[in-house]
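What follows is a set of structures to go through.
Same chain, two partners: chain A is paired with chain B first, then with chain C.
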Partner chain A sequence: MTSIQETISRLCPTATYEEGEILLVTVPDAQWHAVALALRDKLHFDTLAALFGVDRKETMGCMYYLNNSETNEMVSVRVDCPDRDDALLHSVADVWHVANFQEREAYDFYGIRFINHPDMRRMFLRNDWVGYPLRKDYDANPELNPIRLTDEEHEDDTFSIVEAADGTLHRIDGKVFAPDDYVVNIGPQHPSTHGVMRYRTAIDGETIKKVDVVSGYIHRGIEKLCEGMTYPQTLFFTDRMDYMSAHQNRHALCMCIEKALGIEVPRRAQVIRVMMDELMRISSHLLSYGCTTMDMGATTAFFYGFREREEILKIFEKTCGARMSLHYNVIGGVAKDLHPDFVEDVKRFCAAMPKHLKEYHKLYTGNVIAVGRMKGIGVLTKEDAISYAVTGPSGRASGVHCDCRKAHPYSIYNELDFNEVVDDNASGDSFMRYYLRLKEIEESVKILEQLVDNIPEGDICAKVPKIIKLPAGHWYQQVEASRGTFGVYIESDGGKNPLRMHFQSPCFNLVGVMDTCCRNYLIADLITIGATLDFVIPDIDR
Partner chain B sequence: MKYEDFKDNETLEQMVAELNASGTNVVVGKLDDLINWGRANSLWPFCFGTSCCAIEFMCLGAARYDMARFGFEVARNSPRQADYIMVQGTIVHRMAPVLRRLYEQLAEPKYVIACGACAVSGGPFKNSYCVLPGVDKILPVDVYLPGCPPRPEAMFYALMQLQRKIKVEKFFGGANRKEKRREFFEQHPEMAGAI
Partner chain C sequence: MFDFSIATKWLHELLLSWMPGWAVTTVECLLIGVALLAVYALLALFYIFYERKLCAWFQCRLGPNRVGPWGLLQVFADMFKILIKELIPIKGTDKFLFGLAPYLVIIASMLVFACLPWGNGLQLVDFNVGLFFMTAASSIGVLGILLAGWASNSKYTLIGAMRSGAQMISYELSIGLAMLTMVVMTGTMSVSGIVNAQADGWLIFKGHLPACIAFVIYLIAATAETNRGPFDLPEAEHELTAGYHTEYSGIHFGFFYLAEYLNLFIVSGIASLLFLGGWMPLHIPGWDGFNAVMDYIPSVVWFLGKAFFVSFIIIWFKWSFPRLRIDQMLTLEWKYLMPIGLFNLVLMTLVVMTGFHF
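Entry: the complex of A and B
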């Protein structure tokens, strides 16, 4: 830790440090860009795990969580805007590519404009939206923003704030596409965008020149809603963001709140949580298999994937009482005890799954059309995967060791015997992303087999105060969701409601590489690349 | 569910009573029955899923639930080829004009099912700054289907209620669908002619 402080102090003597689980460095905006470069180049913090704005009423600024992809050390940085009303910060989009989208999100929510950011457009809200909704002084009067049934105008317009050599700032207006670009619109209502995602695609013949991701068609303002709710109430949003990682997301939020309260979760509850997480992961990968194959025209494979997924849903239904919005984890443990049939059902499922996987491979993996459409298509290099903070099976297909269960072990994962499925050749193509998901099912089955006979007796939930108030402070917790690292940030001022709750979704980063992955491939490949990256749109938009 | 409960639907009973009261020609009435029988058993859905409900709808198409049994299996991706739109998921401000345009593109006669709590009323996101409190703010809805997300069985129930509704419709003479749309736009003048 000392080397971090030395390096930063040399560049910025006024920086302050706060020790904790993750070191917090507060840097003034003027030196932030230089510090960011030093953190990346000298200290190897090459992944920007999270970036989001925070409004603390008197001050407003951004929080950055950085990860070292080799040692998995983390550091957090806080940068405050000097002026709240004319909020400006220096962009780090040139240091970490992922910051491009994340800063646009901060601009959309807080109105913080980033100096030298190439493309300052709103991310989620309509471009004629009045106000910045996550600011504490936002005017929620519905007359300002009525339901508009007209199309958005000036979609192609963008601007950037550029700093000249003498320190003066200029606003430069620009366009997203060049005047002679041939732009094809795909989405938001398109069957193979896996939800309501919209791409504006510049093509040359059939070759993609540029993909402009237009997001926000299912932006529901979850983070703002959380600020008006008590902590147990916020839990139920997690099941509705990435509904294919409902258990893992809720696990992350519960762990974050438990960490703040200092609650020890009973062993039985931890084992149950991990088993549910792995079942959820298998169900998610099965759905991904089904949808990927169906996008390429293999409807039979879709039915096979869904057949096994129904078995998992039956297990969920017996214990949790629901098929999709499970609401099973609660603060301190789990909501209900396991159904008496649980152990037997899981054993039967684990015994059957390897046979089914063989069937899947036989059906589709070796198929000449599948190989032709996926091998060597949509290549994401290791450097790009790190810079765009791509995690989950997609990141591991590019050779990044990013499995949070290994890198930042939580719950009981460090006691379990399983392999991190990484492609060491870093092929990073669509085929590898598809293939690693099926490989990961094998590992999850292995975890389930280890645990199913060893579920300890005991309580399923720790004693939790009736009214949950978090002490003043902030906490960050990551878990490995089905599609990558899911992070939860909570900042509290000591009250019943969070001051700021941020969900760092893995899919947001995945959609950020669409442009990089799709360039110079055919427009038909956009569908397979999107399918194998496997994002869930409500998780992107939140 | 008991059969009496399934048939217990005040709106439909009222429609039948009105039709009986005004009377109808035997030939036209029989032709109506025939056409409605055909239409009710070949309802083609338009896939419009924004969130969780869409996944449950996919389960409906897969082997365990198999919606082909009822004639719903021809899920279309173009509004021009579909009979009804099943709004699965939250509709936000940015999506509203898109959904409205897709609805306009559906060929008559067209129906809307608001599937899930979000489409019915905004659901858990009702208080959000950019969520529509129910899809009926911009579209005339035929069947409301609560649940978060509704189980596939519940989706079947909603679809079968829609079938019942189609079966009592009068195709010749007073196409009551158009009546309903006119009523809707009279109540929501700001929505008429927006697109």
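Entry: the complex of A and C
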């Protein structure tokens, strides 16, 4: 900790420090870019785990959570805008590539323009949207933003704010695509974008020259909605972000609130939560297997994946009463006790799964066409994976040890015996991403087998106050969701509602590498790469 | 074995006794046309049902099972639905070419359809270059697909059409070589001649190694030629939504759909003609009793049975394999199938010259 403070103090003597679970450094904007470079190069904080705007009424700025990919040490940085009405901050998109999209999101919601950011367009909202919705002074009058029935105009226009050597700022307008680019829209209505996602793709023959991600078609403003709700109410959104990681996402939010309240979750509830998380992970990877194979045209393999997933959904349905939006974790534990058949069902599933996996490999993994279409396609190097903060199986295929269950153990994961599935050769291609998911199913089955006979008796939920008020402060909690590290940030001013609730979704980072991964591959490869990165659109459009 | 030419001759003479020669020709042409269309439509319906049930079986499902017994009427319901759907005019299309394309595709497929040897004496057109005519007529189909892609004025359809052009023209070579190999074996291009040459054993047995190689090449190339998986790049659903026919609706789409299924039947029919004896029953020289029993099975059943069997294999491909990428597809054709096909042609010529066949 001291070395961090020394390094930063040398560059920026005015920085202030706040010790906590994660060290918080407050840096003025003028020195922020230099501090960011020092953090990355001298202290090896090479992953920008989260970046989001926060409006505290009198001040407005950004929070940054950084992770050291070797030691998994974390540090958070707070940078406030000098002037909230003409909000400007220095961009760190050149320090961590992931900041490119994240800063566009902050611009979209807070109106913070980032100096030297190459492409300052809105991320989710239309470019004719009036106002910045997550600012506390936002005018939500529907007459300002009626439902527009015409297409967006000038969607190819972008601008950047460039700082000259003498410190003056200039606005430079530009275009996303060159005038002679042949741009094909893939999406928003397309069978293989796995939701309402649009790629504007410049192609030359069948070769992809550039991919521009246009997102936000199903953005629901969950973070904004949360600010007007009590904490138990906010729980219901997590199942609707990455619906294939419903349990993990809700687990993260519950843990974050429990951390703030200082609630100890009973052992039985912990075990149940972990088992549900792992079942969810298996179900997600099975779906991913199915969709990947189907996107490459092998429809039979798709049904095989769904056949096994159905068994998990049945287990969920018995205990949670739902197959999709499960709403099972609550603050302090879980909502209902396990169904009497649970243990037996899970045992049957665990016994059958290895046989099915063998079948998958036989049908698809070894197929010469499948191997030809995935091996060496969409390579994401280890450096890029770290810089773009790609986590989950996709990051591990690039050789990054990013499994949150190992890196930042939570719940009872440090007591369990399982391996982090990483490709140490860092091949980072589509095949490895596909293959690691199937490998990860084996590890999840291993965890389930360890726990299924050892579910302790006891309470399923701790005692929680009737009205939940979080003390003033801020908390950050990460879990390993099916697609990567899912983070929850809560900032409270002591009331019943959060001042700011941010969900750091893994899929947002995954879609950020589409351009890097797809360039100079073919159109068919874009589909393969998208399928193996395996993003879920509602998780991007929170 | 029942010879259908007895029935057709009887009909011909019956008509001649009633009306002059030119009228007879007209009536016969009409009758044949109607019969052809009816069989074409019915076979297409059967094939749609066949494929849906088969793919359901591969995928641990039941397939259509609600309309009619075993879902038999489902395909009729679907076809009726396609017939009553609106033909949506699209802005910015080349109206004439856009309308022409589906007809070109279906006409090409019907022309080939007419040449198939349905049974003993049951063949519409039979002339000395029958096989040559088939290859020539089937090539018109690619023109329809290219036109459809071009005239739709859409980027997806254009990419689909470009892929289709590259694919169908490339694989036509392999099909041609495989056919040529078998023509070398039989010494005739006439469809009936090829069938009759197999009276003492199917060509795949008589021609042993080179015939088997030609059969495998033919199966792969034919799958590509019909734009079916794993070669369904022109309409790659997951990349180009529906490829060249994305913008088509109603019966115009239906024509593409019908032609696709019928092309599956046609390539299976040609495979059975070239390798599995056409309508010829399974004859093993010397086993007279066995041969007599085989002759009791009607020739039409033999032909359809073989065609359905070959279709089963092609459908099996489609539902098991992922789709190839455009470069893989072209590599497969130009670097593997065509050289092997050429080599195989030489091999077959040597086999025929030395008489080293059954």
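The rule is short, and it goes like this: the second predicted complex is superposed on the first by the 542 of 542 C-alpha atoms of A that agree within 3 Å, B and C clash if a C-alpha of one lies under 4 Å from a C-alpha of the other, contacts with A are read in each partner's own complex, and residues count from 1 in each chain.
Here, a residue touches a chain if its C-beta (ideal position, glycine included) is under 8 Å from a C-beta of that chain, and two chains touch if they have at least 3 such contacts.
Since we're looking at a predicted model, the values are computed, not measured.
With both structures placed on the common chain, the touch criterion links A:323 to chain B but leaves chain C unconnected. After superposition on the shared chain, chain A has more residues touched by B, the comparison being chain B against chain C. In the superposition on chain A, A:525 makes contact with chain C only, not with chain B. Within the superposed three-chain model, A:191 lies in touch with chain B and with chain C [touch as defined at top]. In the superposition on chain A, A:537 makes contact with chain B only, not with chain C. With both structures placed on the common chain, the touch criterion links A:237 to chain B but leaves chain C unconnected. By the touch criterion defined above, A:370 reaches chain C but does not reach chain B.
After overlaying the two complexes on the shared chain, residue contacts for A:224 are found with chain B alone; chain C is out of touch. Using the contact criterion defined above for the overlaid structures, shared-chain residue A:307 touches chain B and also reaches chain C. In the overlay built on the shared chain, the residue A:295 is in contact with chain C alone; chain B does not reach it. The residues of chain A shared by its contacts with chain B and with chain C are 190-191, 303, 307.
Residue ranges of chain A in contact with chain C, taken from their complex: 182, 184-185, 190-192, 206, 293-300, 303-304, 307, 363-364, 367, 369-370, 372-373, 522-527.
Here chain A touches chain B in the complex through residues 124-126, 129, 133, 138, 140, 145, 147-152, 188-191, 195-196, 216-222, 224-225, 228, 236-237, 240, 243-244, 287, 290, 302-303, 306-307, 310, 313, 323-325, 537-538, going by the rule given at the top. Across the interface of their complex, chain A is touched by residues 47-52, 54-56, 58-59, 62-64, 77, 89-90, 92-98, 100, 102, 124-125, 127-132, 137-138, 148-149, 151, 191, 194-195 of chain B.
By the touch criterion stated above, chain C contacts chain A in their complex at residues 55, 58-61, 155-156, 159, 229-230, 232-233, 236-241, 319-328.
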